[in-house]
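After this come two complexes, each holding chain A, first together with chain B and then together with chain C.
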Partner chain A sequence: MSASQSAVRSRAEAVKVSRTFDWLICFTLFFVVLGGYHIHYMLTGGDWDFWTDWKDRRLWVTVAPIVSITFPAAVQAMLWWRYRLPFGAVLCILGLLLGEWVNRYLNFWGWTYFPVNFVFPSNLMPGAILLDVILMLSGSMTATAVLGGLAYGLVFYPGNWAIVGPLHVPVEYNGMMMTLADLQGYHYVRTGTPEYIRMVEKGTLRTFGKDVAPVSAFFSGFVSILIYFLWHFFGRWFNSTEFVKSA
Partner chain B sequence: MKLIKDKVAKLSFVALLAAVSASMLYTPTASAHGEKSQAAFMRMRTIHWFDLNWSKEEVAVNDTMTISGKFFVFSGWPETVDKPEISFLNIGIPGPVFIRAGSWVGGQLVPRSISLELGETYDFKVLLKARRPGDWHVHTMLNVKGGGPIIGPGKWVTVTGSMKDFVNPITTLTGETIDLENYNLSNTYFWHAFWYALGLAWLGYWMRKPMFIPRSIAVEAGKADSLISGADKKVAMGFAVGTLAIVAMSFSNTESQFPVTTPLQAGLLRGIKSIEMPATSVAVKVEDATYRVPGRAMQMTLTITNNGDSPVRLGEFNTAGVRFMDSNVAVDETGYPDDLLAEEGLTVSDNSPLAPGQTRTVQVTASDAAWEVYRLADLIYDPDSRFAGLLFFYDAAGKRQLITIDAPLIPSFI
Partner chain C sequence: MAATTESVKTDAAEAPLLNVRNMLLGASLYIVFYGWVRWYEGVYGWSAGLDSFAPEFETYWMNFLYIEFVLEASTAGILWGYIWKTRDRKVMSITPREELRRHFTHWVWLVMYAIAIYYGASYFTEQDGTWHQTIVRDTDFTPSHIIEFYLSYPIYIITGFASFLYAKTRLPAYQQGMSLQYMVSVIGPFMILPNVGLNEWGHTFWFMEELFVAPLHYGFVFFGWAALGVMGVVNTEVASISKLLKKDLA
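What follows is the complex of A and B.
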C-alpha cells in the first residue's frame, strides 16, 4: 500500500475506524480535561468547594460559577466550531465532578476521615446543560456568553440548594446559634484551616436584607459572561491548527 | 546490545521492586505536627501555655476528654509575626480523630475567631470527643492571622474502640435530632448521582452518533448547519426545560421541607475576658543570657528583688512549653508530657529563700536534651535572637508568682 492509498477498504471499515477514533478522542479528552480542570478549580475555587461551612449565600455563589465557567467555555469553543458538537460544558463538568468525587471520597474521607457530608463538591451540572443547550440552539458564542453565562451564574445556587439547604438548619450550641454546616466546620477539626481564613458572609450587600443570594447570583452571572468570552478565546487559540503545515 | 537490554531490564525490575517495597512495606503513620520545626522564637515569644491538663490519656470512641489551662499572650510579641488581633483557638490533631465538641476562652464558647490582647493571660478549655482509634499527639494550638499556627505542648492520647460506633447527635432548633456524622448523606449522593446521570444522558445522546471525523469533514465542507437536526433541537429544548424544572422543583421542595434556614455564622468575637492575674511582688532583671551549644544549656544571670512580705524561691522556668524545674522547690503533679518536662533541669546558684526586701544576683541554668530535641537551640539562627519565658517563684506556703522575662541570647560554641 502506498502513502496515497486509503488505509481502509470499505465504507463499513471506514465507519468502524471513525468510531474507534471517536472513542479514543473522547476517552483522552475526558481525562485531560478532568486533570486540568480539577487542578484549576481546586486552585481557584478551593475551600469554597471543599467544605460545607464555606458554602455561603454570598461568596460561594459568586466565586464558584465565575471560576468554573472557564474550561466549559474553552472546550465548547473547540467542539462546536470544529465539529458542531454541543457537549463541551457537560463533558467538562462530568470530568470535574468525577475527579472531585474521587478526591473527596478517597482523600478527604478515606485518608483523613472527614465525613463526606462535609466535603462533597458543588453541583455544576444544571448550568453546564443550559450552557450547552443555549450554544446549540443559538449557534452563537456571543449569545452563549450572554445568556448562557448569566444562566450559569443564576442557576448555581438553586441548583445546589437541595443538597446544601438541609445543612443550613439552625442549631443552638452551648449558647450560640449556628447552622449545621458551621457546626461541621467546628466539630471536624482542620488543623491547617483556622476559622478566620473562611471567606463567608463578607461584603457590603447589606441593603438587601436576607435576600442576598439572588444579588450575588446575578453578579456572578454577569462576571461569568466576561469570563466566558475570555476563555472562549483561549479555547479557540488552543484549538488553532495554523502551526500545522498542510501536506 | 542484548546484554545491555537485559541489564536495563534487570535493573528496572530491581528499581521497581525497591520502589514498591519502600512505599508498601514502610508506611509509618504521620501522627505529629512538625511542632519541632516551627521557628523557636515563635514558640518562645508569642503564646506561653501553662497549667495545662489533659484530662485523660486513654479514651474510648464516643467518650470525651478535655484539655484545659492558661496561656499568656506575650507582651514582647515579635515584630515579624502579626499580633493576635484575629486568632483562633484550635487543636493540633491529625485530622478529625476527635471532634471538637466545645472550646472556651475566658469562659466564652469560641467556635469562631477571637481577638486577644498582648500582655493578657487567658484560661481556656477544649472538649474533645473521641472518633477514630489510634495513638494521637494532641496539642494545644492557637492560629494567628498573619502569624500562622502557634503550636503548644502535645501529649499522646490513645483512642480505643471502633470508628463505626461513633455518633454525633445534634438537636436542631426545629426540634429534629440528627446524627451529624451522616446527616444529609443519602440526599447528597442522590442529587449528585441524578445530575451526573443527566449529564451522561446528554453526552450519550451525542456520542451515539459519529463524532469527530465525519462532522469535521462536514464542517470543512460548509455543511455545518446540517449537523444539527430538528430532533436534536427538540431534545435540547427538553433537556433545558427539564433542567430548569428540576432545579425549581428541588429548590421549592427543599424550601418547604426546611422552611427555617439561616446563613452561615461568621464574624470576630471580641471582648474575650482575660484572667485578673495577682499583682507580683518579685522583680527580675536579666543581666545576660547565653546558650552553650555543646552543653545544651541556657545560662542566665538574673537579679531578683523580693518586694513582697514572704520569702520566695525560683521553682520553674517555662519556655516554648518546656518546663525546667528545680525539684527542691516545685514538682509537677499534672502528668505533663515527659519529653517536655525537665524535672531537675533548673539549677540556681543560690536558691535559698529570698527574704522580703532582699535583692540577689544568681546564675540560673536551664539544661536538658529538650533544647536540642525540640530544636529550641535553633533560636540562635533566628533573625532576632532573643528568648523569652515564664519564671515561677514560690513562697513557703506554695503561693506562686509568674514573672515574664525577655532578653537577648548570646550563643556560646566552646
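What follows is the complex of A and C.
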C-alpha cells in the first residue's frame, strides 16, 4: 500500500464522505444509547413513569431524576469532552422520550388499551437542557455536576406541574377523598395497583403536613450530584479506544 | 483535484463506497418483520395468549417459540459462519479506498445493530410491562416474553456479533487486538439473555406483582449499561476514518 495513495479522489468527495459518516454515526449513537438508557430507566424508575397514580410527591420526584441523570452524564463525557458538542443530555432524553412515547401509544394504548392520559411519560427535557447549557457555559465538569445535578433534581417537579397538576385535583367518591389520578388508577386496576403495593406516597403523618415535594426535590438534586460524578467517570471508561491483546 | 474522464469512468465501474440500497433493504427487513410481529401479538395475544394451558396457546405461541429457536440458531450459524469463512487473510494489504468502503459497510452493520437494539431493548421490553400489568402470568412463556426474550434479544445478539465479526475480519483498524468497548457493547447486551434465566427463576420464587422496579430486574439494568460501549466504538471509528481522510480534508 503506497503511502501517497488516497482513499478519496478529491476534497469534495472527502467532505461528502465525512458528512455521510456523520449521519450514520448520529443514527447509530442515538438508537443504541436509546436502547440502553430505556432499559435502564424502565427498570429503575419505570413504574413511576408508567402510571399517573404513581406520580406522587415522594418517590416519583425523588427517584426519577436520580436514575435518569446517569446516561446524560456518561454521554456528555463523550460528546462534550471529546467533540465539544453541547447536546449530550438532550440527545439522551430525546431518545428516551421517543422510545417511551412510541411504547405508550402503540403498546400501552394500542395493545392493552390503557388511555394515554393515564400512561404518559414524565417530562425530563427541562433538566436535560439545563445540564447541557451549564456544561457549555462553564466548561467545567464539577460545576455541571454540582449546579447541573442540583438543578436537574429541582426542576423535575415544576417541569411536570402543568401536565400532572390537573390530575392532582381532589374529588370525593363514595365518601372517600382521592385525586383524579387515583380515580384513573381504580378504573384501570393492574397487578401493581398502588394501594396494594404502597410504593406511592408512603410515609408518616408528618410527611403530609406540607413541603413534601420541595423536600423530595432537594434530596433528589443532592443525590443527582453524586450520581453525575460517578457516571461521568463511567462515561470516560466507555469512551476508551483500548484494544485487548492476546497473552 | 478536478474529476477527469478517466476517473469518472473508474467511478462508474467500481462498487459504491456506501451501498445505500443494502442499508435501506436491511432496515426495511427489521421494520417490516417487527411490524408483522406486532400485528401477530395484537391478534393472537388476546385470542390465544391468556391461558398457557389452552390448546390454542400451544398452537399460536409455543409453536412460534419452537420455530423461532430453529430459525435463530440457523441464521446465526450461517451468517457468522459466512463472515468468518470469507475473512480477508491479507487485510493489512488493502488499498485506502477499499478500507474506506469497508468502513462504510461496517457502519451499515452498526446501523442494523442500532435498529435491532431499539426494538429489543426499548420497544419490546417496555411492551412487556404493559402485558404483565394487565395479565397475571401463569408461566414463563407469555406472548410478550416469547417475542421479547426469545426473538428480539437473539436478533440483536446475532446482528451485534455479525457487526463485530465483520470489523475483526475486514478492517485493518481492528487487527491490533480485541476492541474492549466493542466487546462490551456486544457481549453486555448478549448477557441480558442468560440473565433472563435468573429473572424467570426469581419469578417462580416470589410474587413481585409484575412491578418493573423490583430488584430482581437489576441484572437487566446492569447489562443495559453496556450499550454505552458504542461510544468507544464510535471513537475508534472516528480515529480510523480521520486518518484515512485527514490529508484530503486539510
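Note that in this section the second predicted complex is superposed on the first by the 229 of 247 C-alpha atoms of A that agree within 3 Å, B and C clash if a C-alpha of one lies under 4 Å from a C-alpha of the other, contacts with A are read in each partner's own complex, and residues count from 1 in each chain.
The working rule: a residue touches a chain if its C-beta (ideal position, glycine included) is under 8 Å from a C-beta of that chain, and two chains touch if they have at least 3 such contacts.
None of these values were measured; they are calculated from a predicted model.
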TODO: Please work out whether A:Gly175 is in contact with chain B alone, chain C alone, both, or neither, and reply first, second, both or neither.
DONE: first
Open item on the list: Once chain A of both complexes is superposed, is A:Val116 in touch with chain B (first), chain C (second), both, or neither?
Closed with: first
TODO: Answer with first, second, both or neither: which of chain B and chain C does A:Gly159 touch in the superposed model?
DONE: first
Open item on the list: With both complexes superposed on chain A, which partner does A:Val90 reach: first (chain B), second (chain C), both or neither?
Closed with: first
Open item on the list: Looking at A:Val15 after the superposition, I want to know if it touches chain B, chain C, both of them or none. Which is it: first, second, both, neither?
Closed with: both
Task: Which of chain B and chain C A:Asp47 touches, first, second, both or neither - done: second
TODO: Check the residue A:Val215 against both partner chains and state whether it touches chain B (first), chain C (second), both, or neither.
DONE: neither
Open item on the list: Output check: A:Val200 vs chain B and chain C. Expected answer is one of first, second, both, neither. What do you get?
Closed with: first
Open item on the list: Taking the superposition on A as described, I'd like to know which of chain B and chain C A:Gly99 touches: first, second, both or neither.
Closed with: second
Task: On chain A, positions contacted by chain B and by chain C - done: 15, 18, 21, 25, 82, 112, 114, 190-192, 196-197
Task: chain B to chain A touching residues, read off their complex - done: 33, 86-88, 90-102, 109, 111-113, 131-132, 141, 143, 145, 149, 163, 168, 170-174, 176, 178, 180-185, 187-188, 191-192, 195-196, 198-200, 202-203, 206-207, 210-216, 218-219, 224, 227-228, 232-233, 236-237, 239-240, 243-244, 246-248, 250-251, 253-255, 257-258, 260-268
TODO: Spell out the residues on chain A that touch chain B in their complex, using ranges where they run on.
DONE: 15, 18-19, 21-22, 25-26, 53, 55-57, 81-87, 90-91, 93-94, 97, 101, 112-117, 120-121, 123, 125-126, 128-130, 132-134, 136-137, 139, 155, 158-159, 161-163, 165-184, 186-192, 194-198, 200-202, 210
- [ ] State the interface residues of chain C toward chain A in the complex, per the touch definition above.
- [x] 1-3, 7, 11, 17-18, 38, 41-42, 45, 93-97, 99-100, 103-104, 107-108, 110-111, 113-115, 117-118, 120-123, 125-127, 129-134, 136, 176-181, 183-185, 189, 192, 209-213, 217-218, 220-221, 224-232, 234-239, 241, 244-245, 247-249
Open item on the list: List the residues on chain A that touch chain C in their complex, please.
Closed with: 1, 5-11, 13-15, 17-18, 20-21, 24-25, 27-40, 42-48, 50, 71, 74-75, 78, 82, 99-100, 102-103, 106-108, 110-112, 114, 119, 190-192, 196-197, 199, 234-235, 238-246
